[in-house]
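What follows is a set of structures to go through.
Across the two complexes that follow, subunit A remains constant while its partner is subunit B and subsequently subunit C.
Now for the complex of A and B:
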């Protein structure tokens, strides 16, 4: 508080998505006075639980928790804040048109596909070794090249050393496969199209990439590295929103203040420094540092304004590829549909409709031309099996990510919403013949819906496409890859930064560390 | 092979020729799967050679013409017709052409890169006649609907000719003969495995220090006295000569070293 009584904060965090909350919590624990300003009525951003039909709740965007480091969750004391997992180590099952569904659990694989099971074990072991070498890359700000700073050099040397320490065999393999497409990699190692399809999903989910797109081994390794090499899929009790509530609790407990329904209209700049924000209501709040978890386009072009940026930087931000391709389907179900060839354990887990890499590639082909997939790829969960509180007694919720549904649909989403919804439902219905009979109501969130409802320009899973030219040292754009943009006192902490999207919290934590280090 | 090192070659006719050094210009698959007995090669190396990616994607038409075709979109007397002419329309068209390759069929609307070199070098065709060289993508080595047949080859050629004819109304009437080459003929006639024009795909996993095989990017084969100098090696395909020159320096360096010790 200043003498005059107008509040003044060390740090304002724009946006209370999970990264904003993580960032706020670490800043507050670092002794800063922190105010989080969230436009929506609830915190969490794309990690929220919402009612989508009377009495039916769902994790509205993200629906599985598998990337957030355990250390981060412990540091912030999330279980003390009431976070419980309704299920963890959820199995993954690849659905097959002929009913011979494939469980990716080692036992199931060994029985069905002995040769692939061995190859899968080898791949997982290699993946874990590579992921362990790459994991530390995620946990700090990327080095800034060409500055001669000792930190940057040391960081690059450490990366080189970690890769070298993998040993000759693994290092060569990493350097060989790092730039490959995932289809070629899977073809080298596996036989079963069903298994290959399921593994390819992890490489392309949330991206504008198909299995034959360059860089898809990188996205796969990346996901493995973020997951710590062990794919432990979890479902928080109460949905992903419960995670965000716990993060908000941790931030508040550390002293941060959080205001919802407080959309920021502009970031204020005085004397070439960020100096606070103006809310849509006109209220001005001053701060030494502004950290934005909004996507980079919104932050730089919407809230800051290109008048504070040089033309080259503005162009790079404007050219970021931010069109999303993942839609979300929510079904309110009067009862549990019958999946004839699936046991209950599998149904509790993650179901994939991606019977081969070629199926995914064909689905992706449409997206290239501004069409939605004629036969989409789906990741399905029935969260009410592990957590019945999400629906009225005896009723169920189905939550599915449906790809590809391009942001810029040539024929316009207005006209196509119903046909895509029907297509997605029927694609699932092929495995659950009574699905339509169980249906109470359906909700589809297309990327433009996600843009509007979650304030993510383009509605992209990662805020900005996760591809080599928008990666690591240059994410989101050169000149802003260390969580700091060209205007002093303005930082980024959302999915648009290194290491990207997913409910991971690492961008928020890295950004907080950077602020605490630099803005002492 | 003699005493664990390359000692020369045996021709198909049985003739043996001895040499201190054998350099192979063949692609890496042919070199190690067809000219060296597997027992001389490390098994991991052989496994990597087998998975070396060398999928063909291009076709070629060599067309004899009774005269110069007319391209109405190109102004009369323009030097453009003397140069390289492309049929590429849009990025989407190229992408769809590639989609066809992925599905194991030739592009229904192919990308074409054509040239009438006899305009510049009249010795390439009889007086008043012309020769047209047409490079086409995409044309797969393996078709999804079974083996290549002469009928399919003709259908592929017709697709290309129709595409050119869309831009040149008198083109078809001028054709005296069209030689159609799919990756199969390229493989059989030129010796490029699967008809891959670069003796191996130029993707990151097969470029720079990974070309042709990680750990063997210095032109030296895993067999002493044996080297590689074709487009399979760094920096890759195209009529460039660099793999050959680089290989020669590596060999000379080794020979000098051997001499000095």
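Now for the complex of A and C:
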């Protein structure tokens, strides 16, 4: 291809988020000529490191790495691409108003709560057994039913066999708890509200659910299974953006080209087949296959257009639940605030403000009525403790996920941004009295901000709510659940696909496999 | 129309603007519910009314037809994606008959689209469609509103209908070609009436569209001008005979809307209903196109055909067999009538492949009621061309004067 010739690629990947980059890398390794088109000035999508105050950098959306399969990272040679972990096996600590913070590490638990420590050990063991059985569900492409394909049948049979092989007790337990709400499950097994609150966080983080919502055991199991049952929270050196840089390196090394500041305006269709894209600049680029890492609504309703789709399918896409409820708070700190009763090791890890499931449920109640939580739930990290390069010497960054902050706030985010920022800071300040004194500046990203900055319709991390009706065989919607929509040559590879969001990369890899298999 | 005096639950059926006139002319007090309205099934006798359609002029109240106003810069693109037919050829002043399907290529309904102006349409359907129209409108710059109660409508069908309208002062109505429409001001009060050369009888005829307030005035003028041209109000029963002769389909008799079927396999595609001529695969995407292409590739498993059955007993609710012994069922009748004009025993029937081939013979199992003594008769039936009856006058422009 020359500058003068009409550019043409085997595959165009729309969006250079982590899933787009993973997909591009696998496609290029499969021998395809690949062009990644990223709208922003840097790749990474929601896995980026950004300067949010002079000299202060932070993982601007996702802030921990725990779901990306090790096999995928090894296959793509991410360490050879320069990816280093500043910290791994980060501990989790549940903050308590009375200063009796609870470490979820086995030793800490056994000392504080002997009975719960035993129950927690049992739950972890069960979780690992179930996760091992369900793990393939989260790594493989979901089968398409009703096609009579042997591949689909075999895939379902394998899943059934794996569940059956759990043995009678575990299988019954899985089927019993699968549809429950997480609070009932936690009440069955544990006594300490603080422990239950911390575990409930994992079930509802980034979702439109409270601990009393049906399906929250599923989201908890999902998180456990996706993480392989391990508590393997990690923090890349240089923030999540470093992961994206490494992924881009892997894609480029395999032969893919990446263009930033190249927003795609439309996906071109000719003879009922995707044939390329038009950039916002008007430039047309032809390709045999277009793979979109954008969310399903943006892809189908925005870039493709409903005139190329059937009305029923269009309605299913339009009805996807995509409203985000998680806000992101970034604090630039002149010095490290003092958290009394918290040792430095704990401060390096993940801090949770969710003293009980009821606390989270009350926080969620507001969201149901279009308000933000009066007492929000937070997941906090201070990444500069493990990675001082993110801030000027001696200074620090605090990064927190704050829930619940509904996308459609009744009184509008314009008017409420400052009060929610103050509320979130004060909620943390209750555990670090000098936080306000350390504060240099603060940034709050509400779901509408996330929608705008990361180009995710609704500002939902997972692109579409993780719930049974938008999961596995039917994610994002029936008719597009196997990384391929109704228009030939157009594939999906973003978090809106199975297995969903979080910085996982599996959707990108599975989509690439599907393209390589079907468009061979 | 609801009146103020009675709460809605005391008048479960609406009355059309022609209701008082119709009630005054009804001799047998036979009314039926149609789309939430009370309408006439029979005024006098079915036969008398049927022959008005074929020999003079019939008036039929079609106000209950569900009507939608479709406007907006994206109205044409919306309709073209909704309908199986290419709507880009539908210019202002034209009408098109079309069908629309769900994603699986199964028929939702059929109807007529009136192009009133560029990007301004009226869609007339048998069943309510707002939900599907709204789903289809996602992504299109279009506004859709149901206007059923805002538009009163009469079908004026029969060989003397054109002469009658001319006598009433509809100047130039004789130049209207089939599937054309025009606005008229009906003398002497210049009542605005839209006339389209459309109908459900397969005969010469027109449909008149007006404001409900003008409805009785138009009715009275038609009756007065029609006295010497054999005008007669008709009910649904007479119309049903004419529409079978014309080979037209009726929802819930000849097919069930895919939006209403409960059992898998009871939906019907336009290809199965013999409406393949309405499906334009070359016009770009429309809902159901991919499924219909696949069905076309496979070939239809069944087809709605016209049957000519021996004898004179209408084959109502009749099963069809490949053999006289009735061992192998190959289909069933959806609509049947004795055709007074063609003097044939006609039916529309759904037949399994390969029995639907033109000229193919099947056996119809007809039950006869001989003064409460039931008999079963196996009648020979043959697949024949539709329409069964198509007089030249239905297309003649200008039509003959009377």
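We take it that the second predicted complex is superposed on the first by the 516 of 520 C-alpha atoms of A that agree within 3 Å, B and C clash if a C-alpha of one lies under 4 Å from a C-alpha of the other, contacts with A are read in each partner's own complex, and residues count from 1 in each chain.
The criterion applied here is as follows: a contact is a pair of C-beta atoms (placed from the backbone, for glycine too) under 8 Å apart; a residue touches a chain by one contact, two chains touch by 3 or more.
Predicted model, so just to flag it, every value in this text is computed and none were measured.
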item	value
Which superposed partner A:77 touches (first subunit B, second subunit C, both, neither)	neither
Partner chain(s) touched by A:188 [first = subunit B, second = subunit C, both, neither]	first
Which superposed partner A:315 touches (first subunit B, second subunit C, both, neither)	second
Touched partner set for A:30, first subunit B, second subunit C, both or neither	neither
Which of subunit B and subunit C A:307 touches, first, second, both or neither	second
Touched partner set for A:179, first subunit B, second subunit C, both or neither	first
First, second, both or neither for A:392, with subunit B first and subunit C second	neither
Complex contact set, residues of subunit A against subunit C	272, 301, 305-315, 318, 479, 486
For the subunit B and subunit A complex, residues of the former touching the latter	51, 53, 92, 95-96, 99, 102, 203-205, 209-210, 214-215
Residue numbers on subunit A that touch subunit B, as the complex places them	168, 172-173, 175-181, 184, 188, 212, 214, 358, 361, 365, 368-369
Touching residues on subunit C, where the partner in the complex is subunit A	77, 81-82, 102-103, 132, 135-136, 138-140, 284-285, 287-290
